[in-house]
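Labels run A, B, C, D and E following the written order; every chain starts at residue 1.
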Amino acid sequence: MQKLKSNWLWVLLAFFAVLPVVLTNNYYIYVFNRGFANAIAVIGLVILFGIAGQISLGHVAFFALSAYTSSILAIRLEWSPFITIPLGVLFSCIWGALLSIPSFKLSGPFLSISTVAFGEVVRLLVINLEPLTNGPYGLYNIPPVVIGGFRIVKELHWYYILLVAMCLLAVLGLRIKNSYIGRALAAIREDEIAAEIMGINIRRMKTFAFVSAAFFAGLSGGLYAHFAGYLSPEIITGEQSFNLFSMAIVGGQESIIGSLWSGIALTIAPEYMRFLQEYYIMIFSLIVLLVVLLPWDTLIEKAESGSKREVKAVEYRS
Amino acid sequence: MEFTTFVQLLIGGLSIGALYALPALGITLIWNAAGVFNFANGEFVMISSFMIYTLYLSMKLPFVGALLITVCFMFLFGVLIEKTIVNTLRRQNAPAIKALVSFIALSIFIRNAARFVWGTAPRTIENPFGSKPFELLPGIFVMPHSIWIIGICVVVMLLLLALFKATKLGIAMRATTQNRTVAALMGVNTSWMVSLVFGLSSIIAGIAGALSGAVFFITLDMGIMFGTKAFAANIIGGFGNPMGAIVGGLILGVTETLGASFISSMYKDVITFTLLLLFLLFKPKGLFKLDIVDKV
Amino acid sequence: GCGGQEAAKAPAEEKGPVKIAVIVTSLTGPLTKNGEYITNAVKMALEEVNSSGGVKGRKLEAVFLDDQVKSSEAINAVKKAVDDLKVPVILGSDSSGLVLASMPFAAKEGVPQVVSATNVRITRQNVPTIFRMRADDAVAAKILADYVTGKGFKKVGIMYTNEDYGKGFMEEIQKNLQAQKNGAIGLETCNIGDTDFTAQILSLKNKGVDTVLALGKEIETAKFLRQSKELGLKVQMFGGSPLGLDYVVELAGGAMEGVKIVTHFLPSDPDPKVQEWVNKYKKLYKNEEPETHVACYYDAVKMVADIMNKNGTTKEAITKGLKEVNYVGIQSAYKGSASGDLVTKQVVGDFKNGVWTVTDSLGK
Amino acid sequence: MVLEINKLSKSFGGIVALKEVSLEVSRGEVLAVIGPNGSGKTTLLNLITGVYVPTSGEITLGGKRIDGHNSAEICTSGIARTFQNIRLFKQLSVLDNVLIGFNHAFKSSLANVLGKGRRFREEEKTFREDAAKLLEVVGLRGKENVVAQSLPYAQQRLLEIARALATQPQVLLLDEPAAGMNSEEIAHLIQLIKTLRQTGLTIILIEHIMDLVRGVTDRVIVLSYGVKIAAGSFEEIERNQEVIEAYLGKGAAKTC
Amino acid sequence: MLTIKHLDSYYGKAQVLHDVDIEVKEGQFVALLGPNGAGKTTTMMSISGLVKTSAQTQIEFLGERIERLKPEAIVARGLVHVPQGRGVFPGLTIKENLIMGAYLRNSKKETNSDIERLVELFPKFKERMSQMAGTLSGGEQQMLAIIRGLMAHPKLLMLDEPSMGLAPIIVDQIYETIAQINKSGMTILLVEQNTNMALQVANYAYILSVGGIVNEGESCVLRQDEEMIKSYFKGQH
């Protein structure tokens, strides 16, 4: 089983490693870069939501907190992104820990609307804390990453950096998932009271889940800021959180590898649909709807975890 | 600030709050009945606003007639959504979260499809309640629609309360939510029951749409605002509790209006969401929490 | 289509149609009506260009790219235009924020971008490939501020939308008013999507303003005007170009009566050339009045076609042509400048008896 | 004394579910708590395991106060339980359910997990073996990969016991473990409880099926309306008139 | 009254019941016995229309085929089911739960008088009418479920392990009551773990094992052959 999972990751890595051979267009490379960045953020969401069952519809706030922190530090203090990105991630993780507080008392979909509010507060703060964030104008001229005097500005360089980062992070995600930590998170998802009585420290585990979500999203945001070179409050919309969330769902919720694929696919799909002109968003949302209504996730889950679950319990019809 | 201004703002805020409260109520009802968050509720409001525009302004029906047709249409629309999306999800025994994504996708779909029906231009309709303020108390001028909206909201609330507490139908709706299988064993037509609640909640969205169309502008993305505010209202009021939805909506409306004038209109939304954040941290279950005991 | 073929085709661009990219603000998303105006205008102009022989004997085509009024999408759209479609010229967005965000990506590849967004910063960054079809906010602000002070208003109130355009415009106006020692005594704002302005209106009323400058995006400003009327804020109102739009007039209801605006174009301009054009547009599009976006983007297409015919269809040729352009269009005459601002004309409109009349036409 | 309870009370609004109940159990003892429906037995377990906070009274485990602690702390200090309404991790496999019981015994750090360190791999291996042993003990060997929810009722109860044992408790609390079991299964359960007792485990058992109570208990206490009305050996209780009237009924005489 | 032929039931793709035949005559008290996981609950759920059955399956109630009817339509014909594991509505009060029991009956007055009468079975409920059912103890919930089942005035009552979690004295009382109701004309189909007890109250019994009927007969006859019964319950672990 363990084998199977890493195999899928190899397939993914191999596929995307050779893709630029046929895809020589900078624009599409850029779109894939965004796909990778989104996929990284979605790994966090899979841990938080797919495994631990804590719904966060404000996920993009973590992304934004880190992206803005890193950019502001890099622009104002001219620090290297190698310092500012980790600081941004740290900042976002601190907020992750704070956001876990309502989750101690709320569960399920109730939590989700709280996280919507969190996302909204972050967005409004970014708009209104002008001296820092440049408000609605957004931040320009975010410095690129420099390695040994070499400025990484080419889309293709970022492509490989992000691809490797994504795969490494996916391995970390899988390790968490398949460890005792992952089981504890799953127990919380299944039955919080029983989990606590089995000795699981609920608060600690929930905080862990939120912090790791913030970690992955934060890392994604930090990387994004420096390869896109531009940030504005519009990246923090609820719609963007929803996009990340759809990626997690379409990828099969508990499946990290599945969510990588769906993260990339749902990022590039609208771009490839531009020819539909004013119809494209409508058609895209319809496709998402259909994909969600079809029982894909069971298929992907099977592929990832082999036949771990022999029988699936069935609800009564009524 | 003068006292009269304060009261004027208060009434204005209450009527805005009432408009948030109605969709909030609809969301709560659907949550209670089907365990689904209707993130498309704002878009339901939008649809009915445009319907009112078509019927009342383009086709020149009397307002009440337009309202009735809209409300009937919304009922059918709600039932349709239940029969298609919700039912499919349930047959798959899909987790509540899939429903959540489906409904967000649905909302985006409606928002982007409506233009092909009603065009892209924002619309407005003449205020059917008259656009001349009247003197409610000496020195206090209010718009007639403020009073109408608040009144209608209260009536809807009372009717619902009566339905759920005092009628067998209402009890059966709640029973269906709590345990669908067993409700069926009591002889409840559960799928109809859920459709009914969907229809009901769409009617409420329809009423909100009709009223707000008379006060605000009708735009393709007005639903975003209504959706967000309705959810915020529910957080404040306490999710799953119809009373909470109403009170939450009213608090939200009043806070926005008073906050904008006492502090700064610049930070109007910040004030609102800070209020929300405070609720989340210190009273995450809202004012009227609904505890269905999960006995160990 | 994927990059491979496109790149291969690029050198041999002598045959086939010439493609230009039009980044449409709001093909979807908020303000979709503006998106419709822009697409209509571009289609009308293309039709005319092609029926009179196209450019250099080739057909001129437009690819419409949506930006959903989001900067991140605007960047995507520009990148697609530059890296994928490899167009020689982009007709950019009319939203300042989006232009500011996406400019560098076209500039990097040296693709000229012709925009209509009005924030002053767009042409003050020494980007050699950015060109603007409208007077910037500084110009409009100066006209408006002078006008207000000149008419003797002393207690100015300002209401603006908190986004790039409203805010930028407000700042410029404040600068001018302050220079005239007539700074606003009441400054109110709202966010995009706000629906209720009671608080702002009452606050202005309480401060006793004698005029209000309603600076901001279309819908919110219309709502503000309307509610001001309902709440009895009876002072002279001024505004920017968004108020000139037909649908904004409809939204504001009776509240537009008496409002004065500084704008780029009004279809009621008595110039016979303009009237002929207006009638043509109306015939094409269900009797709808063209407005400032239509005039602007129509001019942009015709002007670019003109330059292509004279200079050739490469990005360098077009850039060069735009730098020294001298073209008379519907909205204005356009003249190349160092900054890239092609026009400085503004008109003052007065809304009386249900129609906009041009009361003044101001140029350099 | 392993576990001591002193004057424990709990009320919900107007309903007094438990009123000044005291009891104690010593190591290796099996204590049964019986009593009419709604007499406060489950409430007692909920108080011991920290699901509810007592209105008043004390609970001490091995001399240390545990009342007021949260459930997780109480579990790690050595108390495990099963539930009257089965609360398994329904969608997880049988094996995962048991492994979750071992959760707090894992000591490897996050870095260890992320780096797949030796310590982590060893722990994972050991506890998987231990879990398999526990499944063997309760008789669920071979069902490791079955989803918990699709097990038959009786086996779900056994799985709950295995899961509770995985937390390595000193005291095991069983809330109606035999409910829904037939006589064969009850016999199996009796054997299981006896085996567990031999390992020195202390057990508090709530049960309405007298066959089980008779078969395994050392001592019985009876609750009625939240008050302890009797205590003693099963034989004494069986003959106690008050208990017969409140709980056992005349039918108790007839054996099944 | 109730005739079941060739009942095959499935959870998803897994077949749980194979060709089960059962007959319940008017006025009879029939017990359905068998080890854990044999499929007793599934049988009842199938009769109530809650589990997927095969095309061969025929279920006839009062001369009418019901295997394709919806659960609520089956209840409406007088076939009422008290499910295993109680299934009270946790967020409804005791009273509201009882009202739901009489959902298909129209007279409000009758409902109220029924509540008054039936609550005597468990007098503790009298002063707790507005307590949320979810906060009741396990046994209290079981009692509530049984009483709620009786509120429907069924023609045939199916009880799935009604004695589970009840105090011995209440078990006796419940069985007495059921026997009485049966005498006064209500037909009963009962699932029970306690074989002896079931065979004492019922007049006919079926034994189900691994999804099929393995034996049936008059309960007094079956009671004689303890060894035989034991053999069916062996080796299930």
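Basically, contacts are C-beta pairs under 8 Å (C-beta built on N, C-alpha and C of every residue); 3 or more make two chains touch, one makes a residue touch a chain.
On a predicted model such as this, the values are computed, not experimentally measured, just so you know.
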Handout entry: Minimum number of chain-to-chain touching steps separating subunit C from subunit D
Key = 2
Fill in the blank from the handout: Joint neighbours (subunit A and subunit C) are B
Exercise for the section: Specify the chain most distant from subunit B by Cα centroid. Expected result: D
Problem - Computed distance of Cα centres, subunit C from subunit B, in Å - result: 36
Practice task
Report the inter-chain centroid distance for subunit A and subunit D in whole angstrom, where each centroid is the mean of the CA atoms.
Solution key: 41
Completion exercise
Whole-angstrom distance, CA centroid of subunit B to CA centroid of subunit D, is 47
Exercise for the section: Report, in whole Å, the distance between the mean C-alpha point of subunit C and the mean C-alpha point of subunit E. Expected result: 75
Exercise for the section: Name the residues of subunit C that each touch 2 or more other chains. Expected result: 28-29, 32, 35, 162, 191
Problem - Touching two or more other chains - residues of subunit E - result: 11, 49-50, 71, 135-136
Practice task
List, in ascending order, every residue of subunit B touching at least 2 other chains.
Solution key: 112, 115, 181, 183-184, 190, 266, 269, 294-296
Problem - In the complex, subunit B residues that touch subunit E - result: 168, 171-172, 174-175, 177-179, 181-190, 290, 292-295
Exercise for the section: Going by the contact rule at the top, pick out the subunit B residues touching subunit A in the complex. Expected result: 31, 37, 85, 88-89, 92-98, 100-102, 104-106, 108-109, 112-113, 115, 180-181, 183-184, 190, 228, 231-232, 234-235, 239, 266-267, 269-270, 273-274, 276-277, 280-281, 284-285, 294, 296
Problem - Of all residues in subunit B, those that touch subunit C in their complex - result: 1, 5, 8-9, 12-13, 16, 112, 115, 120-124, 126, 131, 133, 141, 143, 216-217, 219-222, 224-225, 256-261, 265-266, 268-269
Fill in the blank from the handout: subunit A residues touching subunit B in their complex are 49, 55, 57, 101-102, 105-106, 108-110, 112-114, 116-118, 120-121, 124-125, 128, 193, 238-239, 242, 245-246, 249, 253, 278, 281-282, 285-286, 288-289, 292-293, 295, 314-316, 318
Handout entry: Of subunit D, residues touching subunit A in the complex
Key = 49-51, 70-72, 75-76, 80-81, 83, 87-93, 96, 99-104, 106, 108, 110, 113-114, 116, 120, 123-124, 127, 145-147, 149-150, 163-164, 166-167
